[in-house]
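Order of writing sets the labels: A, B and C. Residues in every chain begin at 1.
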Amino acid sequence: MKFSTLIILSGLFLTVSATVSAQRKDSKGPAQHRIVMQFNDPDSVSQTRTLLQVQNVRKIWPDAQIEVVCLGGGLDLLMTKNSKASNLVAEWSGKGVIFAACNNTMMNRKVTKEDLLPQAVVVPAAVIELATRQEEGWSYFRGGK
Amino acid sequence: MKFSTLIILSGLFLTVSATVSAQRKDSKGPAQHRIVMQFNDPDSVSQTRTLLQVQNVRKIWPDAQIEVVCLGGGLDLLMTKNSKASNLVAEWSGKGVIFAACNNTMMNRKVTKEDLLPQAVVVPAAVIELATRQEEGWSYFRGGK
Amino acid sequence: MKFSTLIILSGLFLTVSATVSAQRKDSKGPAQHRIVMQFNDPDSVSQTRTLLQVQNVRKIWPDAQIEVVCLGGGLDLLMTKNSKASNLVAEWSGKGVIFAACNNTMMNRKVTKEDLLPQAVVVPAAVIELATRQEEGWSYFRGGK
């Protein structure tokens, strides 16, 4: 009878594990939509377009997590003196959208944290950030034009 | 003995569950290849190139599911008066390839369903469509140049 | 008692299976980072930038698997007479980075294996290569500008 009890407990444990695992998988589906956007474009039209794409997602999926990763010429979106969409960055940041600045681009272009909009979050490398998010189950999108 | 029977049934159930789960995972692999393409490019060379990329996939994976999501300048591929590849769109659509037009782009560019090739399927937002497909296990590709 | 033993063995088997399955899933996470890069850009600045992106990944993730898939104008990166980064391709290839040339692009541009850098690996189609890697769990990145 001791054995039987052990087996029942073990069975219960496996069932619980399976359920937890299933829920984790479902969290990638309808429950929580997560999109990471790569943004490289240097022009101001693309800046506005990317913010429009953010808006388009939230209109349909109000709770979607969105992160815009800016690198290369795309860093302009987050630079105080170059951004043509600073108001929209502030607005959407207030609604939980993450705006990440690639530190490698910053070093190459001699841009410091002080040159960025206050909403910008500095990440070590854009590629690493984009890959990490995908490893976590986020979907990829290339923002801008 | 009643307990033992219960446990055996429970064991069988778990085994069956595991098998079903494994099969679902495999369906993402060799069994069914699925590719969603983001197409933004406004030029006609890129239009033809994207259709060539569709052809290249089907030459090697004859049963691959392919969806080309057109947004921004890429919508021209699906507009009757702007498309330089309407014959190829008709041909591949007949072979099961989906050609999706972003409704947000349509509204911004004042394009109506009547302006599109008959094969075009209108989707609410390109980003949402691309993310949904990736959530379902499709691979991502940036079409065109 | 025979039944009980059977059930214990069955329980052990299920536990082991679950563990193996969990490890396989984790291998997608921190254990092994894998990034496949699509590279289409025809200009030399983008060539150098892509190699810089490779370097940026390895600085933070020294063991990351990286594959750069070159198609369209991006094939120049792997062509002996057009590459502006042949030294860096040789260096990173020596450190395990894969540089893949799209055979469809080669046929369209009448480029043969002999025209490529010795480090280049020819793949049947860039789209197929990028999709296969993502099916295996690699993350996607668009290299270059």
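As a convention for this text, a residue touches a chain if its C-beta (ideal position, glycine included) is under 8 Å from a C-beta of that chain, and two chains touch if they have at least 3 such contacts.
Only a predicted model underlies this, so the values are computations on that prediction, with no experimental measurement involved.
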| item | value |
| --- | --- |
| Topology of the chain contact graph, where touching chains are joined (line, ring, star, complete, other) | complete |
| Numbering shared by both copies at the chain C-chain A contact, with half separating same from different | different |
| Rotation in the CA alignment of chain A with chain B, degrees, nearest 5 | 120 |
| Distance between the centres, which are taken as Cα means, of chain C and chain A, whole angstrom | 22 |
| Numbers and ranges of chain C residues touching at least 2 other chains | 4, 7, 11, 14, 140, 142 |
| Complex interface listing, chain A residues touching chain B | 4, 7-8, 11, 14-15, 18, 28-29, 33, 35, 49, 52-53, 56-57, 59-61, 139-142, 145 |
| Partner chain A, residues of chain B touching it in the complex | 3-4, 6-7, 10-11, 14, 17, 38, 40, 72-73, 104, 108, 124-125, 127-128, 130-131, 134-135, 140, 142 |
